[in-house]
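Presented sequentially are two complexes of chain A, the first with chain B as partner and the second with chain C.
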Partner chain A sequence: MGKEDFNLLKWMATYDKRWTYLLLFILVLLPMIYPIGMPISVSELTKEYYEQLETLEEGDIVLDSWSTEYSGYMELKPGMISSHKYFIKNGIKLFICLGHPEGLALVQALLDEELKSYMEKYDYTYGEDYIILGTALPNQAATLAMATDFQGSVKVDWKGDSIQGTFLDRIETGADIDMISDYTTGAGNPGLINHIVLTFGTPMIQNQIGVSLPGSLANKDAGLITGLLASTRGGSELELLVNEPGPGLIAMDAFTLGHYLLIIFIVIGNIGYFGWAKRVSEERERTTIR
Partner chain B sequence: MSWFFKSKQVNLAILVASFMMGFVPYFLEVPQVYGFANTLTMVSAVVGQFAIVIAIYSQYRRSLRFISERRKGWVYNIYLLVLMSVMILMGFLVGEHHASYMWLVNSIVAPCSSVVYGILAFYMFSAGARAFRARSLKAALLIIAGITVLLYQAPLTGAYFPGISPYAVFLTEKVGMSLNRMFSIAIITGAIMLNVRMLTGRELAFMGFVGEEGS
Partner chain C sequence: METWIFLSQIFQIFIAFCLFTTLYGKGNPLRSFAEYSYLAAGTAMSVMWAWNYIRDHAIIGLQAGEWIWIPAIILGLMMWFRIHPKYSYISRMPIAFTIGIGMGWTIRTNIFTQFITQISATIVPLFDQGAMWLFERTVIAVGIITMMSFFIYTTEIKGPHLWSATFGEYFMYLAFGAVFAGTFMGRLGLFVGHMQSYMFPVWKQPYTLGIAILVFVVMLWLDRSGLGEKLSA
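Entry: the complex of A and B
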């Protein structure tokens, strides 16, 4: 039995999917090691998000909601870093509320590692400029309590230290919050919209992962979210706008190449389908009919 | 007294009253009702947290059965139980801010979480490449739309061919969003219908009154 002749069209229709894994792996890895620095465009969505950031003034208080697990942080990282750099640089006061148990890891990854030198540079200190409340927004009920009676429902920070005498003394209800900045991997905490945005008209910006974007786009279209940052792509665009290049822009080379590779494989698959698979199946049908 | 709690009418009355307490504040400003609705929401959230206890119990039971029966992947269940027990014990004994608990979070939970998410990219890539076949006119239209959005999503394209943006934005912000809304409306409509059936006593299985509903 001789070896079957190589048929390119057949290969295109039936290639081993591990080829896609290998090529994608190479195309993601190489630009990370040797960045190309491909130019990128800034979408209207990101420009609007940035305009919302610019409405904040020094001393304004932002509810910083991290409703993401560590895996989602990988996708939101560029947006989280560049948004927080903007907050730090402009003296915006943040109270960070975690919405997921894995949020504990984010505190170390983002504040103690990524932003540490930046916070030191701008003398951004704990207690005076930002406070971590821990897993303070796990559900709608907690959000509702915080929105209607902040001082009654929140008394200590995540380590159990009193928040009295800090900038949080200025907050009585959701009306005293100047903006909500939400980082989420899905529906997030609907309580933010239901009990703060809708009740007090507080503006809310959101950094959302790619697969959950359609839902957030609908919220933005309805005016419930005033700014929306889309996934890693949006984060990298924000890095450009705030002039703070970071992991997002580095990832964009791999992002571009990965997308182009997928298009190439879609084309290859269709050539294989029309050149071989469809013909074989039609021939089979004809044989069966005879 | 047990007849009181077992009574279908009493349970239904409590259900309707609770519903009204949550529903009315959306339309009428009655501070007393609003306060009661807030309390009710908090009570339901607190009660909901008890589900965690059931989840932990179920996971232990399931994993122990896997291990005792040496089913496929039973070794991973040992790993799962060990980590779960260690996390629970550390959480109770030293608290979530202790260095050892944070080590578990940063060294095991965070990397595992990232890896699971990262691996998805390969599966989605492969599935996307094989699913987009022009087997029909509808599939061909889907491919055209998909490739347009993919090209737009690749940052380099926008930098050199900005003309693609209006088409991709139309597909994502108009077509995609409208489909998402349709999906949401379908879910909400279904939920309203189910709730009306519950409130009118036609759907009472969730309260334990199986087979007693009306049509």
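Entry: the complex of A and C
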């Protein structure tokens, strides 16, 4: 095709979509090397989540459910880090239950790397302040067993050591859990709502990935969860509220630029569709009918 | 930093960019290598995860004299008959048992969480919490009624029903648009999170950029030389 044949509308409808990916790579990587520092606001949803955190008192016990795999962790990371920093700083007791095989890698990524120095700073120690139960909540059966007879269903931590003599002695049923903090990449573990929230009225907060937000928003609207943190954006907002800047705020430049790119390509795609693709398809239809 | 940690981080970055070559739209051995490595590692972790669960609950439970685990272990072992064509029917028993229990839970709990509480959250007083509340709740109520009317197929759609169904249809378009926006936000969050883990700490940046360029050039070379599709699994 010669230069004189170039049609902008046709290009908008038919350009090679791989350019989108390449541009997205560049737009995400560049602000990580040269940060811009775009401002962000805090949404009502995140404020409500933070207010729920503030209802906890020192020594309260939180069921810390990590129903996420490693890739989902990348999206939930800012929220997980800032929520846990709040727990650590305020002396909240955590028992961590994993709901995914890759959860074991998250223990290393979050506790041994991201939060290690923070836990040392506040003298937050294993056994006394937090316990990892490992793959304790793989399904509804396990959740129901834990909710109705905690001591009968959980005896050891993830390393096989007995949990007797720890703060978990205070838990007999789901009623003794002060809050559920769930980090999930979808439906997560419905047993938490079905067998603990519904039965014992335990408040539950959730850090959810963007794809599954609509379902969680309905649950929040229905009062089944009391706080909801939305994706990386919610996590970065929480970083502001707990005054602990972290990966979320660093990510926001790339996040914002990525959204601008999407808007530009939506506009290009729509102009291309209405200006070229639809017209060509209608003309083809007319020719076929004749 | 220990050498093996450094090497594992570099390998992690390399394998991630190999997986990203799938966006090019053509097969290549880099992507195949990364894909099968991930599957193999994921399978191994799942097996280990399941075994840990059995050890922590069933084996330790049995050692503590909890004989209730014996039928559970027997049911679990029955699942293995699935691999033998002649006796595969035996594996249907634990499956039926599991489905039965699942149905029991669903009827007992989901009727509240997915049905009654969701409906009662929709039917709320409109006028006691300000103008924004009134607007939001009205939109939700109108949206639900009109969208439901769209799915009434047993009568001819005409008159007020047609208006309502059309209104409901546009409500659904809005909802799909919001879901798409949420999906993009989520996927971008994932992508940015991954890129952050390859770019920070700052010492990773030259390696990440170098590996990205290297993988990109090799992918293009494989494609141009015709080896990409040929060597991919």
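As a working rule, the second predicted complex is superposed on the first by the 272 of 290 C-alpha atoms of A that agree within 3 Å, B and C clash if a C-alpha of one lies under 4 Å from a C-alpha of the other, contacts with A are read in each partner's own complex, and residues count from 1 in each chain.
Going forward, contacts are C-beta pairs under 8 Å (C-beta built on N, C-alpha and C of every residue); 3 or more make two chains touch, one makes a residue touch a chain.
Just so it is clear, the structure is predicted and the values come from calculations on it, not from any experiment.
Peer 1: Is A:I193 touching the first partner chain B, the second partner chain C, both, or neither of them?
Peer 2: Once the two structures are laid over each other on A, A:I193 reaches chain C alone.
Peer 1: Mind working out whether A:L24 is in touch with chain B, chain C, both or neither, as first, second, both or neither?
Peer 2: Both partners, chain B and chain C.
Peer 1: Check the residue A:M32 against both partner chains and state whether it touches chain B (first), chain C (second), both, or neither.
Peer 2: After superposition on chain A, A:M32 lies in contact with chain C alone.
Peer 1: So, A:E102: does it touch chain B (first), chain C (second), both, or neither?
Peer 2: It touches chain B and chain C both.
Peer 1: Touching A:G269, do we find chain B (first), chain C (second), both, or neither?
Peer 2: first
Peer 1: After lining up the shared chain so the two structures overlap, which partner does A:R233 touch, if you call chain B first and chain C second: first, second, both or neither?
Peer 2: After superposition on chain A, A:R233 lies in contact with both partners, chain B and chain C.
Peer 1: Which holds for A:T148: it touches chain B only (first), chain C only (second), both, or neither?
Peer 2: A:T148: touches chain B, not chain C.
Peer 1: Which of the two partners, first being chain B and second being chain C, lies in contact with A:A218: first, second, both, or neither?
Peer 2: both
Peer 1: Using the touch definition from the top, say if A:S71 reaches chain B (first), chain C (second), both or neither.
Peer 2: Once the two structures are laid over each other on A, A:S71 reaches both partners.
Peer 1: Considering only the contact definition stated at the top, list the common interface residues of chain A for chain B and chain C.
Peer 2: 21, 24-25, 71-72, 74-75, 102, 104, 140-141, 144, 158, 213-214, 218, 221, 233, 255, 258-259, 262
Peer 1: Under the definition above, what is the set of chain A residues touching chain B in their complex?
Peer 2: Result: residues 17, 20-21, 24-25, 38-41, 43-44, 69-72, 74-75, 102, 104-105, 108-109, 139-142, 144-145, 148, 158-159, 213-215, 217-218, 221, 233, 236, 252, 255-256, 258-263, 265-266, 268-270, 273-274 of chain A touch chain B.
Peer 1: Please name which positions on chain A make contact with chain C in the complex.
Peer 2: Contact set of chain A toward chain C: 18, 21, 24-25, 28-29, 32-33, 71-75, 77, 101-102, 104, 134-136, 138, 140-141, 144, 153, 155-156, 158, 160, 190, 193-195, 198, 209-214, 218-219, 221-224, 231-233, 247, 250-251, 254-255, 258-259, 262.
Peer 1: Along chain C, where are the residues that touch chain A in the complex?
Peer 2: Within the complex, chain C contacts chain A at residues 23-25, 42, 45-46, 48-49, 52-53, 55-57, 60-61, 64, 101-102, 105, 109-110, 112-113, 117-118, 120-121, 175, 178-179, 182-197, 199-200, 205, 209, 212.
Peer 1: Spell out the residues on chain B that touch chain A in their complex, using ranges where they run on.
Peer 2: Touching chain A from chain B are residues 38, 41-42, 44-46, 48, 96-97, 102, 105-106, 109-110, 113-114, 116-118, 121-122, 125-126, 128-130, 132-135, 143, 146-147, 150-151, 153-160, 162, 165, 169, 172-173, 176-177, 179-181, 184.
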